[in-house]
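Can you keep this structure in mind? I'll have questions shortly.
As written, the chain order gives the labels A, B and C, with residue 1 at the start of each chain.
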Amino acid sequence: MLKYVVRRIFQMIPVFLGVTLILFVLRIPGLLPGDPIQLIVGEKPLTPALRAQIEEKNHLNEPVHIQYAYYVSGIAQGDLGESYQKGRPVTDILFDKFPNTFRLALAGIIVEIVIGISAGIISAIRQYSFWDVLVTLSTSILVSVPVFWLGLLLQMFFGIRLKEWTGGAVFLPISGMGNPPDFVHLVLPAITLASVSTAYVARIMRSQMLEAMGQDYIRTAMAKGLTERAVVFKHALKNALIPVVTYIGIDLGVLMSGAILTETVFSWPGVGREIYLAVMQRDWPVVMGGVIVIVLIVMFINLLVDISYALLDPRIRYGGAAE
Amino acid sequence: MALLEVTNLKTHFTTRDGVVRAVDGVTFEVKEGHTLAIVGESGSGKSVTALSLMRLIPDPPGKIVDGRITFRGESVLGMNDSAVRSMRGDRIAMIFQDSMTSLNPVFRVGYQIGEALRIHKGMTRKEAHARAVEMLDLVGIPNPAQRARDYPHQFSGGMRQRAMIAMALACDPDILIADEPTTALDVTIQAQILELMIELQQRQGTAIIMITHDLGVVADMANDVMVMYAGKQVEYGKADEVFYRPLHPYTWGLLASLPRHDVDEKGTLLPIEGQPPSLIDVPPGCAFHPRCPYAQERCKREIPELREAAPAHLTACHFAGQAGFGQGAAGKGEGVA
Amino acid sequence: MSARRRKPGFPPDADPDSPKAAYRGGPDGEQTGGSSDYVGDDLANRPERTLWGDAWIRLRKNKLAIIGLVWILIVVTLTLSADFWVPQNFASPTSTDAGSLEAPSAVHPFGTDRIGRDVFSRVVYGARVSLAVGVLAVGISLVIGLLMGALSGYYGGLVDTLVMRTADIFFAFPYTLFAIALLAVLGPSYHNVFIAIGILGWPSVARVFRSSILSVKENEYVDAARAMGASDQRIIFRHIMPNAVAPIIVYGTMSIGGAIIAEAALSFLGMGVQPPTPSWGAMLSEAKALMVAAPWLTIWPGFAILTTVLAFVLMGDGLRDALDVKMKD
């Protein structure tokens, strides 16, 4: 098991370096709009002395590969550079915003688990019923919905119209996290973010349940005198959940990296929105730092999911047959 | 009164293509501590018969449409759900052909064996586990305490089948139904498993219903034999009778196609010509007539009744028991003397 | 009470007249046994069927897929012919009576936007951008992806590792962020949008194609061809590709839907198609601030995206079922 983990980590390293390389290449002066030195300086007048000083500090005079080395070693030490716009270290900015994105993603996962898994189970138990048809159709439809449009619609309906209809009494907030951050503000953004994934979870849960319920061991369990409920929820479910749990695990990373659209629509102060604003303002260190952080987190989550899968399925955890 | 009495059982399945008459009128009984062998090709209805006894027929599409099943005097078909569930696993237990797929891969073997004990005998986890270890020992698995904590995929094929037997016998049922328990196993292991079953039967007094297509298996174990074809019962009687004085042409075919090591002829295997019929579109008259070398006009029109053609030996053939039937009259259809 | 053991089988007999002999076909032993229900003759008379013909027949039966196909055809026809029938000029305010932010009416079925443009015409013209980007982006992904996948799958070894590692790097990036970064470098515009989406899409295509090739490569007929002296290139094109193509067709169709959504998202964020070219995503961006005052601005472009993408998804689903050789009827 330990060997497996170590091996996986070794595989991840070149990929991570590749990511940094691509980001670095993008940052080469001339490629991205805006003179980086000018951007750093901002409004202040740019004297040659100042320019020289900045170039020195940022190693801009060195050959490209040296710059890259500085860049990577910086990352290894946790230094992602300084924001052009704000002058603060990128790491500070990101760590400020990162918990917000994590909260949102976590809320999304909870939605997925609660709605997705139950919908999938009900759909499988009552195959071909109205509920089943609903689940199957809605998965196709949800996949085709642009997430940000869904967010807009939810805002429009639950935020604004609902408020009108109930004379301001009942509504869901549509912007920001609340001050202090509260649960109500999480509802709409979380649903928006998780919508497509929930559809997938329901679909996978359904097909896994159907497959499990068609297995021979179900017949054996019935032959032992178990109730139908015990058979479905103990014997079938435990088998069906394994792939679903792995999917949800991976989805945590997906949600975190994909939150940018939802955060923009709902003005949610998270990492995604921060990166987006930085792009608009040409604040490249923030952009690149943000991408690196997200990539690292997603890789880490995927590794955890891999390990947990091996732990969950006894066929993998304990090897083959013994005499 | 016998332990289990089945009268005119009919189980049909309603499918898109028509009604599948999987079991179409079988009558038999199982006595305390005895072994009944149900023999037939794939699709003859033997497994469906067994599942019907436990009321494990999925509805839809299947349904027991006729007949009576009486267990210890009580009507099985009349039981409510709760009574059926308490019967299953406790007084009638079943083991299946494929032990790998019949055991749940994500639960430990000891847990699965103990499950019936927890449900039917009210044991605690610990008690059930201890008893499961005992059962594993009983079926001859070495290191049972260790093994009980293993998962099914960690067992070899033969051991898994033993574990299934342990699971079935945990509550000391009156009847053990074994659906092709050795078909998927190596020949040497087959023999071991059968030995085990015989031994356990002697020790615990369990009646066994052995379902198989392999007459060799039956020869060692059965008190009574029932031969099935196309959902119908074609022969039924004591094992010796059916083996040494078979009455039905299908049984003759089955016996003739047995590989024999004491035959000094060229000894080619003689499978019966043709295929088993579709159970939706059963041939008219005697279902076996398309493949029967002795078929006559009457066989194509009239369904033969199950009758006692010899003492305590029933068969469903128009000509069974008639003098000279099956001897020298092959193929000519000149009437049987 | 177990039965005593006995030897299996019929009592020994060398009697040629025994029933056993009947089955052997002894001296008199022709079988009289009944009818021969042999179905074989039927098979020879069946009409000729090819894989594609088969698939087309199955696809026709799938109602949802046909609805998808029909809808796409409708959209394509409407948008390509738009110049001929769209009454209002989409790029500038209409001539006389239209004011800004008018609610939907007979004259303006989808209402007008802030500067008086007819939303309906903008939606129709917007289809051009979406469809073009969808098809072109997927085209680029396919070209790069098929090539990489083919090299990777066929040659294996170091080539395979290199290509797959590169794909991994692409997969590691969060999609939207990477697209934004690319567009920041390339500069937001109509052309760069489909280039960016195309570039981001190749790894998935390569992966799918590679696994297709790997499974086909194992097949014997490739060995047979090689034994006949066929060159690598010939093997790839004539033998492997036709069989590996089916999953690609399915994937490609469904990716068009994904590309359309990606373009909409990028335009929504301002990184895609620039005004005044109408793009559904950009229209939604404008609509956000006016959500209260003019809900039609939000509803209709989004609905257009939904239906178009759904059509591709349904068609993709239908194609997958139709081309699945394992699902014989």
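One rule holds in what follows: contacts are C-beta pairs under 8 Å (C-beta built on N, C-alpha and C of every residue); 3 or more make two chains touch, one makes a residue touch a chain.
The model shown is predicted, which means the values in this text are computed figures rather than measured ones.
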| item | value |
| --- | --- |
| Farthest chain relative to chain B (centres taken as mean CA coordinates) | A |
| Per-chain CA centroid nearest to the all-protein CA mean | C |
| Pair joined by more contacting C-beta pairs (A-C or A-B) | A-C |
| Euclidean distance of C-alpha centroids - chain B vs chain C, Å | 49 |
| Inter-centroid spacing, chain C versus chain A (mean Cα positions, whole Å) | 25 |
| Between chain B and chain A, distance of the C-alpha-averaged centres to the nearest whole Å | 55 |
| Residues of chain A touching chain C in the complex | 14-16, 18-19, 22-23, 26, 31-33, 140-141, 143-149, 152-153, 155-156, 160, 257-258, 260-261, 264-265, 272, 275-276, 279-280, 287, 290-291, 294-295, 298-299 |
| Residue numbers on chain C that touch chain A, as the complex places them | 165-166, 168-169, 172-178, 180-182, 184-185, 187, 257, 261, 264-265, 268-271, 281, 284, 287-288, 291-292, 295, 298-299, 302, 305-307, 309-310, 312-314, 317 |
| Contact set on chain A toward chain B in their complex | 215-217, 219-227, 235, 238-239, 242, 313-315, 318-323 |
| Touching residues (chain side chain B, partner chain A) in the complex | 54, 56, 85-90, 93-94, 96, 98, 101-107, 115-116, 119-120, 150-151, 153-156, 159, 167 |
